[in-house]
Amino acid sequence: MTALVQAEQLSKHFPARRGLFGGPRGVVRAVDGISFTIEPGKTLGVVGESGCGKSTTAKLVLGLETPTDGEIRFDGADLASLDAVQRRHYRKSVQAVFQDPFASLSPRMRVSAIIAEPLVTNEVVSAAEVRDRVAELLDLVGLPSRAAELFPHEFSGGQRQRIAIARALAVSPKLVVLDEPVSALDVSIRAQILNLLRDLQDRLGLSYLFIAHDLAAVAHMSHEIVVMYLGKIVESGDARTLAHNPKHPYTQALFSAALPSHPDERRDEKVLAGEVPSPLNPPPGCRFHPRCPHAMPRCGQETPTLAPVEGRMVACHLYA
Amino acid sequence: MSAAPLLSLQNLSTHYVSQHGSRVVRAVDDVTLDLHAGESLGIVGESGSGKTTLALAILRLLPPAARIVSGRMLFEGEDLLAKPDGDMRRVRGKRIAMVLQDPMASLNPLFSIGDQVGEPIRVHEGAGRASAWQRAIGLLKSVRIASPETRVRQYPHEMSGGMRQRIVGAIGISCGPRLLIADEPTTSLDLTIQAQYLELLRDLQRQRGLALIFITHNLGIVAKMCDRLAVMYAGRVVEQGPVAQLFNAPAHPYTRALLGSLPRMSDNRERLTAIEGQPPDLSSLPPGCAFAPRCPMAAPRCATQAPPAFVLGEDHSARCWLAAPVAAA
Amino acid sequence: MKQYIARRVGYSLLSLFLLSLTIFLFIRLTGDPAALLVEPGASAQDIENIHRRLGLDRPLWEQYWLFVASFVQGDLGLSFYYRTPVLDLYLQRLPNSLLLAAVAMAFSLLIGIPSGILAAVRVGRMWDSAGKMFALLGLSLPSFWVGLVLILVFTVWLGWLPSSGAGTAAHVVMPAFALGWYFAAAHMRLTRSSMLEVLGSEYVKLARLKGLPEALVIGKHAFKNALIPVITLAGINLVVMINVAVVVETVFAWPGIGRLLYEGISFRDFPVVQGVVVIGGAMIVLVNLAVDIVYALIDPRIRLAR
Amino acid sequence: MSTITPTIAAPAPVSLTWRRLKDFPLIPTLILLLIAFVAIFADVLAPYDPQIGSLARRFRPPFWQEGGSMEYLLGTDHVGRDVLSRLMYGARVSMIVGLAAVLVAGALGTFLGIVAGFLGGWVDQVIMRLTDTWLALPALTFAIFLAAIVGPSELNIIIILGGVYWTRYARVIRGEVLSLKEREFVNLAVVAGCSRAKIMWRHILPNVINSAIVLATLMLGVVIVTEAALSFLGVGVPPPKPAWGLMLADGKKGLMVGYWWLTVLPGVCIMLMVLSANLLGDWLRVKLDPQLRQL
């Protein structure tokens, strides 16, 4: 089985502070040489703190940003060299659901128009076909068909997120990018949406790129997990393996910082000192070394590469 | 429990009244809670459950549209509601402090850190500028800010988010309060920074014998930090008790559902127990139990009669007909 | 900070460039500029002379260069009516305009800031409604009409104040009131909204949580933050006042720059009109620059940025 | 498959819609409608020709004053023209110039604001630098300058005022577009395959149109005052066409001898119109401005 998405040495650098006078003053390495694959019907989870590049990664996969370096292959074809027909095929195959259900729906469009937009933009369809498809999609995400005639402000956050999911599914995509899809929702609603996403995946064979800062949600949803720190992948592998026994010191600290789901799970924590440095000026060598409890002299000089350690990939000199 | 509680809320109700008086929102409805010195209490609820209004009501800093309509608030034996405004002001920041959720916006951009940290000391203890400044340096040190001597002279925009949140913490403890209320203190912080901050709060609590109230929607924070938990739904405390007891044997269906809906690190890819429906509209609540329309175990009487708080054990109570003693049911 | 100032200076230069280009193009592209710059009833020879002086036979960019070069040298042309250089006329009238603007500004701030703060602190109450009404009237009553009504009441009916001219303190009262009226309303509005914004901020909430007395919360934490945009606006408005005083100065025959502009229009004295507009625009660009720099000095966020 | 059937909030009850209209500024709207009515039907309503007077009956006071008569309800001016008729025709000038100039300014400014805000980059730089520069020129002085160049006529005044005031729209609309652009639905539209033109038309424009309407209402007052000022200074709509500003300027001649009605009455008309537009605009702002509404 070939991978649906394959990213190779993907980088995205942004020029920092462009003034009218004087050119770019350094670059922000938002994403710096990362590689990952997404298998058909599976979920790849991406975790990391702010500034780690997870949202930029999502934008690269969605084609909202063009990579500075490296390539993304979708169904075997390099995104940078698609012709018009292939590009349209790609547009239809990759859709997205974003964090804020209040900002993701155009406030002045009816729900039917919102859901149908990807469809009517990319395909020639009759009004009747559109209407049927919208009703079908609403049913799929558990909303009554009369929702089609209403405006977004008449719905609650969880319902809006269902509308956003219906819209993403309008063109029967293969991959849906989920960028923090539940973090803006109330606790009691999150489980509804996570369950819905899981059901849809089982039923439609969707692949997900799931991005979240809530580790438990990522571990719950993903087959594979990628942990990012300052634009680089520090650890990746099977979700269960990673969650139960993280190897990279950063992954360990991150999972230890995650809040327990039960008071009995209170444990000895490895609380990291310091804060995430600016991606404008990342530390040399291993980017994590200034905060790492196990840092060695070579960590400040040599950048570690991903290497297999106990069934997953880790970028750390400890295991070299 | 032997000693008198530090803070005791008795049947406290706070309502928002719309401009024309036609809509009344019962943001906090008949809340009874006790908090002992040195204890930490988690108040958990979704948006609109009234948890923030409750915190502001304790400090009597409600927005103009809100009114405390009934109940009593005893703090160290004094009735806070009976105090004149000037006396109440001397309670705020001195005996009860509060930390807000947004560290980026909580500090005034035009004044130095030292000025803002030392301000409560000058106001409440009449300290001079120089001595307040010295105390501010000490406070920054106690919230683990490196080189506090230079930091006091700096301005908020020169600090990272985590540092600002700790400075807000330093302001909170500056006059040695007995009670610190933290309203979603870590929502805008990254995981590792959140862990640092929670650890700091716990250390401060131990060192200074602070009582803590955590207002949060995150049960994880409660599991990690709190001794006792109060669960709010639609303005009412539906269940309260020791944290371990509530997590192990929740009595109210809402508490049970809330716990079941949390994804856990260990239960890879199990289906979650979702709570059906949407949170209620506070201005048109059903006459009975507010949770009844979403409750999987609702009985006919739930829709018409609001359940009182039934005592389930020492310090554990729930507002649910299922918890009623057999005789009452 | 240095970089910030450099960038501001750069923007200002760019603005001056665009300003001169705009004015140049308007004059060139809407007809024969010589027809504007020549006195009514001039001979064909006079028009020919103007053509040569402006270089109208040369390419457009060279004409523009000549146009800018003469301004930079302070040559704004000769007034047809007064037969003196426009710049001299301008400088002659400037002190009167500055006096009027300064008094009007003082009046507008004295009224605008306290009433704005009061309205914000008592939002939704009587004071707020009264303030709103005052602001609305201020923004709706044309200053020239206010001026005329003032003359009618205080000169014609009561005979208290002189209706025109300058020289004594009594002369400045009515023009300053008519001119400052609108700005008092504008300053009140801005003070109110910026004060409301600050009062709703988290740091004011924290100041209250600290247990500070309300006077300190408003006087220290809210006031300084809320005043920054007001001072910015006031700085710019001072220059705006000099330039929009044209109607008020016309009503009261106040010998300032506005009156000069009016004379320019009445006597079809185009060099005067052009000169007043060019200097006015340049002045505003420069004051904007000055305000930005002062702003940087007040606000530590900019002051300390490297 | 999903067993959940969430309830959708019931449509707003009638009483809510009524409450929304409760503080509707009825009187200002009626005043504006009345002025518009008079402006449209001035030919029928005006008792006299506004441009023909007779020196024999100059400076007649309004009917309630001594020497006034029901013949000339609001008196006559310095050349004996009927003030009431002139005010009626003056309403026509103010209405036409005001509405047309606001339309020109609004269309131009909204278009440039959307383009600048959405496209960003050098397009934004060019448009916004120009906007800032034009904003720097005091509107009245700028308008006088333009009127001095192109010469006054009704059409020219409309174009001049539109050209002077579009910058206000461009500023405000661009600011809104910048924040809208960060909203996720714009990114999602790109993901859905929409072109940039389509996003501007379908997603951005409907979301800024409210602000444009509010701005237009508030701008109407500003434009009318400026028009009156231009007329007052003699570079507005040229005489003998009756404009309120021009009537004020003429009225000045009789002011010192106490012919107050020539000054006060046109001013009251201007004030009523501007005040009404501002009141309506303020109400619209509260009702339509999404930022205020979200509170």
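Odds and ends about this structure:
Read from first to last, the chains carry the letters A, B, C and D; within each, the first residue is number 1.
By our rule, a residue touches a chain if its C-beta (ideal position, glycine included) is under 8 Å from a C-beta of that chain, and two chains touch if they have at least 3 such contacts.
It should be emphasised that the depicted structure is a prediction, and the values quoted were computed from it without experimental measurement.
The greater number of contacting C-beta pairs, out of the two interfaces A-B and A-D, is seen for A-B.
Chain centres here are means of the Cα atoms, and by that rule the chain farthest away from subunit A is C.
Note: centroid distance subunit B to subunit D, computed from Cα atoms, is 51 Å. Mean C-alpha positions place subunit A and subunit B at a centre distance of 32 Å.
Averaging Cα coordinates per chain places subunit A and subunit D 49 Å apart. Of all residues in subunit A, those touching 2 or more other chains are 20, 156, 158-159, 192, 195, listed in ascending order. Along subunit B, residues 274, 276, 278 each make contact with two or more other chains.
In subunit D, 4, 6, 9 are the positions where the chain touches two or more neighbouring chains simultaneously. Within the complex formed with subunit C, the subunit D residues making contact are 129-130, 132-134, 136-142, 144-146, 148-150, 221, 225, 228-229, 232-235, 248, 251-252, 255-256, 258, 260, 263-264, 267, 270-271, 274-275, 278-279, 282. Those residues of subunit C that touch subunit B in the complex are listed here as 124, 201-203, 205-213, 216, 221, 224-225, 298-301, 304. Across the interface of their complex, subunit D is touched by residues 20, 59, 62-64, 88, 91-92, 94-96, 98-100, 103-109, 117-118, 121-122, 140-144, 146-147, 150, 154-156, 158-159, 162, 164, 167, 192, 195-196, 199, 203 of subunit A. By the touch criterion given at the top, residues 49-50, 156, 158-159, 186-192, 194-195, 198, 213-217, 219-221, 239-240, 243-244, 253-266, 269, 271-273, 275-276 of subunit A touch subunit B in their complex. Those residues of subunit B whose C-beta lies close enough to touch subunit C in the complex are 59, 61, 64, 89-94, 97-98, 100, 102, 105-112, 119-120, 123-124, 155, 157-158, 168, 171.
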